[in-house]
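Next up: the structures, one after another.
After this come two complexes, each holding chain A, first together with chain B and then together with chain C.
And now, the complex of A and B:
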């Protein structure tokens, strides 16, 4: 066998594996959605098109996603300008702190909000106490609550993207505009903003996809406000699988249309940032009054952003049933943590989450590396197909993938690549693996692309085998990129809620599911303690692997 | 001297510090209307800072800038009415060539029809008439440089500032572009300040050249003046090639006009036992004082090793540069030469000291001279070429 045909066979094998994991479940979902009494029919589509509540759910999803983009941009972009262009005391540490929400599982943010702004949360309590109110001045539910949580967790995308673009921007282009007589306002709109378009579009796409697939916030706060993700899970839980399949197809279609639209827009855009040049230095604010104002504003902001997590920590120290009507909890101890550590049924979810996230991450790294190497060796159309397959789960909302995997692996048809894995410990790690595959796969592809091929060729010419040169040369050089991806994948799998709620069993329940059930049984302290553990585990993973390079 | 009778752009006592570092001190320059002045210096000499002060991107710690008698020091860059070509052009990549050129006109609220006319005229000026609708990424580096010039000139600025405008071009393209640049600027007749680290560029484009050395103005003059009559040790060695020979003052500089030393004050310098050369002195010196002589290669003739008034040495290498061939001559030890030189003081090992002690001088070899490495020859100042210049060794630098 020639090396060329061997590499083609290798690529084909990887493509088959990826198709089975990523493409096949989606295809099966589509087929099952259209199946009526064993035959493919367009009847279900007609029925779907005529169902007002389905359209309403789709519309709400679209509204939530679009509004989240606008609100996140309104917070994140000005914030990026303040931190990139002005200098005030505490700029560095605050600049890092405000990026923090990106490293935290969505569910943790959601329950932290619940404890802070929910009806019996701190802020309403404080207001009731201050103004002598009978009941909470607001209820944290519906569209407003969802958007509040989304803005809080997703402005980070705009903040990080805009800051990066501002750091790359050529300061000379601003000086050129000024020397041509352009005032600050004109320079901002005609020179600065156009150079930010690619970054803004990238952040908008990321925010839109995240918000469209968001499940935690609508599930906890939505109440009667059903978006498509919660609708799908409701259909699935009520046993209406056909409907869940159809709804999944509709949501996936919406996501893909948005993705294609933005990619088309991106293609027509020139990258206006020139290769040369140095970003303008942050302007030192000289006037003491203004300096103080900026510092106060910055610190206030940081506290507001960190308050939910501080609240979570505080609640985790409150023993169950001791805090009723007081403004501040009367008793604080580590009882909840002791319970987590000593009661086997409380410990189990944490063990579950850690091993499943670890296995999923390892698998995703291996598969990502394999794909990247095959894609590079084959190039051409096959290479493109491999890269597209590995990135596909990113574009598909998690709920959709969960439903698709549930549909695929709930029967035993080995000849069709279907196994009875739902209800076994296999399905959740597998689902996590598919969810994080785009993170590791794209990192591996990017890392390999940066690598000079001559390095590996040099190793070969020195007599090293392919395996040896891969482990001794390629892998060490890709380590920084891969490490960041490992950290991000582990955090994502560890805190997953979207996929878990569709596929968990009692034996394999992860932390997020346990948080939900403790919330339901009113054990708020234990739920908060779980949240803090999730935060700490994520922070540890972030510190160990993702230092400084957690690119979204 | 070509001191302009009246100045249009004046830099008065400009000074700038960044933290502890003084990058520019007491810079005074006056440009006549329509004059091109080149600021020449190494990196870190303060030339770019000076340009950015004039443009208004930095504020001076001392001194000011005036245009046509108006003090512009406090004006923002947008209000100065100066055009600038940036080192990497800083073209707006999200706009077409024509939109780039029109940007300054829009900012100054030119009416639409006049704008279109002006853009067309500018495209013509830089010979890019057919390229108005092109994207910036779709034109060559040389064309980008011309767009940058057209964009800067379009709003009819009072002063043009050029920051290393040619440093991004291939060497072959650079020389042609240099002439085009000068022609275009002269056609417009605009007062221009050019910053460059390349002596050839400064000489080719500038009417006058100001050499900056570590934040101070070392010398200001026409290219000929800088080359033939350097008044500064740094200028003498930085502008063109110059060899250095140690000597002692035989007869003190005599100023024909009496009083202060002028450019043409001559002194006799003993460079070896019984060998005395005439040289221009830029500062007073007393008899017996050790001095340094800076000599252009083409100011030396190849003569017999034993010829009177010649320094003997051995040719160690030949350097062929195309138009000229230089012989590198290692001079034989002589009184006043090599003893107590900076090299000997700095040298570490004995071997190193011995090598450092020897003085190497380059001499231009004429077409009739037959010189090969290993030859023992003599060198002496010729009848043509710039007269050597004397610099005191004690001068605090």
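And now, the complex of A and C:
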């Protein structure tokens, strides 16, 4: 067997594995959605296409996703410019703080927002006190509330991607433009912005997909404003599985269309990142007044960004039932934490979350590396297919994927690749693995691209085996990129709520589910204490692993 | 298994972060001088792996019994401890979730059932599950002591508690005499925009109340139209649909809304915690929910599950639940002095409505879908003052 055909077979095996994990459950969902009395029919599709409320929900999902992209860009991109291009007091600390929303897990973050900006939350109460208002100035509710939460949690994508791109930008091109007589404005639009396109597009896609699949915010703030993710869960809980399947298919189709559209757009663009050079140094602001203004603005921003975290910490110290209409809680103590620490059963979900997130991350790194290696070895159409497959879970909203996975692995048909995994501890870590696969896979692909193949070839020619050269040469060189991906994957899996709620079992109940159950029993303080733990774990992971160069 | 895992972790660690810097590649040399941060990362990664064997060992030799229940942490912890004290060889485990979610979960796990006992939830939901073959017939020892209306003719589920929905108000702002006396008074202009409702889709309690309203219309007028019309007017009065009971109570206490409809048990718990919530039994009658329990089909520990079912309906367990967790027993043979004062008072003032449960079981799900798609939120944001 020639090496070429061997690598093709390897690539085929990886492609099959990915298809089984990612594409197959979706295909089965589609088939189930179209099944009427044991036969495939287009009848349900017709009925679905005629349902005005389904179209309305789909439209709202699209609106929420698009508006989230616009708002997140409006916040994230200017911030990135400020931090990359200007120097002012506290720039370094603030630059790190700005990424903090990443460490606020979805469900917990939404609850923090509720206590902070909700109708009887801290900020409205403060405004009512200050301005002597009779009623709360606003209600955190509907589209506005969803977008507020989305903007807060998703501008980070634009911020990080833009900052990374600005750091890679060649300063010489700016100088060249200036020396050719181009004004600052013109240089910005004609030189800087085009170089940022790939990063902006990447951030936009990530934001769009996250917002489209977002569940916690619409679930808690949506009320009558029903988007597709909440619609799916409502149908499933009401026992209308056929409708839930159809809705899932519709949402996945919308996401895929967006993904294909962006990829087409991307393909027609020149690769601007190939330029190598030195990024322009941040401009030091000298005028004292302007310096002060920047510092004040920067710190105000940091406080606004930190408020949800602080709120969560505050609630975790409030004993149950003591905070009603007062502006600030009258009693504070550590009772909620004591409750967590003294009951071993209540620490269990934390252990569960940590091991599942660790296993899923490790698995995703291994699978991501395998895919990246095969894609690089085969190139061509097969390589493209592998890269697309590894990115696909991005485009599938968590709810859809979880429902599909639950249906696929509730039957034992080994010959059809279906195993009885529902109710076992396998399925949830597996779902996490697939959810974070795009993060590790993309990082591995990007890392391999930056790697000079000559290094590995040199190792081979010196007699190192392939395994040895991989572990001794390739992996160490890719570590910065992989470390960032590991940190992000770990946080994502650790804080997951959407997938967990469909697939957890008693043995694998994660923190987010325990938070939900604690909320059911009215103990906001204990729920917040869990939230703080989760936040600290995420922040620790972010600091320890995430400090490697970000790899967008 | 543990040894094997730790060996794997060791091997992996050696591969990823080699200890001896013997290799001559530039990469390996850079590794040799790796920073403390890198070591920290490595050891943290390993610590996570080390948790794996810890997580894999769950049991402690006792036989686990898994209970799915919407009855809340307080009652479930109490029952876990009491039952385990009497049966030291048993480890009672429970998952607390909405009753509609219990149904959804048991159904999606039916190929590989996890739960042994389904403890709690309106009989209408258990009846639906029973029709789908999710419950195993079993007649508990106490079955004869509950009214026939709380029994499944095929012995698949039986009522354990009776849970009356009541009208709830914030007692700091609303005087008892001003609070609505009957369901229909919730529609009065005075409560416009002050009504909060627990999102009925995921809630067995709300489904029962809404189902009762529509079924009542069918009984009185022969069609569902009047019932949906009533719900449409309620929607106009409603300020917000709240996604969980916890948030509902929170918003009530914080005066975001002043009146709601909810079950007595939770409100008594709220009062015990010092929260300013009052309640009234609707004068025209309330659809008292039969909170039922049953044996899950395909349960792994069916014998133990039967023992547990026998126990939860015993006089001793019912008295305990009434005393500590505000649960009204479904059994009619409880001696009056075994019940706490609140229960005696409830039995005296509660007006159980006549309800066509069969109709709700048959059509309730469709009604809720109709409500959800055509009524919910259509009038909720109407400005204050626009009469319904």
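Some notes on this structure:
Just so it is clear, the second predicted complex is superposed on the first by the 451 of 552 C-alpha atoms of A that agree within 3 Å, B and C clash if a C-alpha of one lies under 4 Å from a C-alpha of the other, contacts with A are read in each partner's own complex, and residues count from 1 in each chain.
Keep in mind that, in the parts below, a contact is a pair of C-beta atoms (placed from the backbone, for glycine too) under 8 Å apart; a residue touches a chain by one contact, two chains touch by 3 or more.
For clarity, every value in this text was computed on a predicted model and none was experimentally measured.
In the superposed model, A:190 makes contact with chain B only, not with chain C.
More residues of chain A are touched by C (comparison of chain B with chain C).
In the overlay built on the shared chain, the residue A:507 is in contact with chain C alone; chain B does not reach it. Of the two partner chains placed by superposition, only chain C is touched by A:358; chain B is not. Using the contact criterion defined above for the overlaid structures, shared-chain residue A:178 touches chain B, although it does not reach chain C. Residue contacts after overlaying the shared chain place A:170 against chain B, while chain C stays out of touching range.
Looking at the shared chain after the overlay, A:483 reaches chain C, while chain B stays out of its contact range.
No residue of chain A is contacted both by chain B in one complex and by chain C in the other. Chain contact summary for the complex, chain A toward chain C: residues 53, 114, 119-120, 139, 141, 219-220, 223-226, 234, 236-240, 320-321, 324-325, 351-352, 354-355, 357-359, 362, 406, 410-412, 420, 422-424, 455, 459, 471-473, 475-477, 483, 486, 502, 505-507, 509, 517-524, 544-545, 547.
Across the complex, chain A is touched by residues 55-57, 76-84, 86-88, 90-94, 103-104, 106-108, 135, 137, 151-152, 155, 161 of chain B.
Put simply, chain C touches chain A in their complex at residues 15-16, 18, 23, 25, 27-28, 30-31, 37, 40-41, 44-45, 48-49, 51-52, 54-55, 58, 66, 72-74, 93, 95-98, 100-101, 103-104, 107-114, 128, 201-202, 240-241, 243-247, 249-251, 253-256, 269-270, 273-276, 365, 368-369, 372-373, 376-378, 380-381. Looking at the complex, you find that chain A touches chain B at residues 170, 172-173, 175-183, 186, 190-191, 194-195, 197, 270-274, 276-277.
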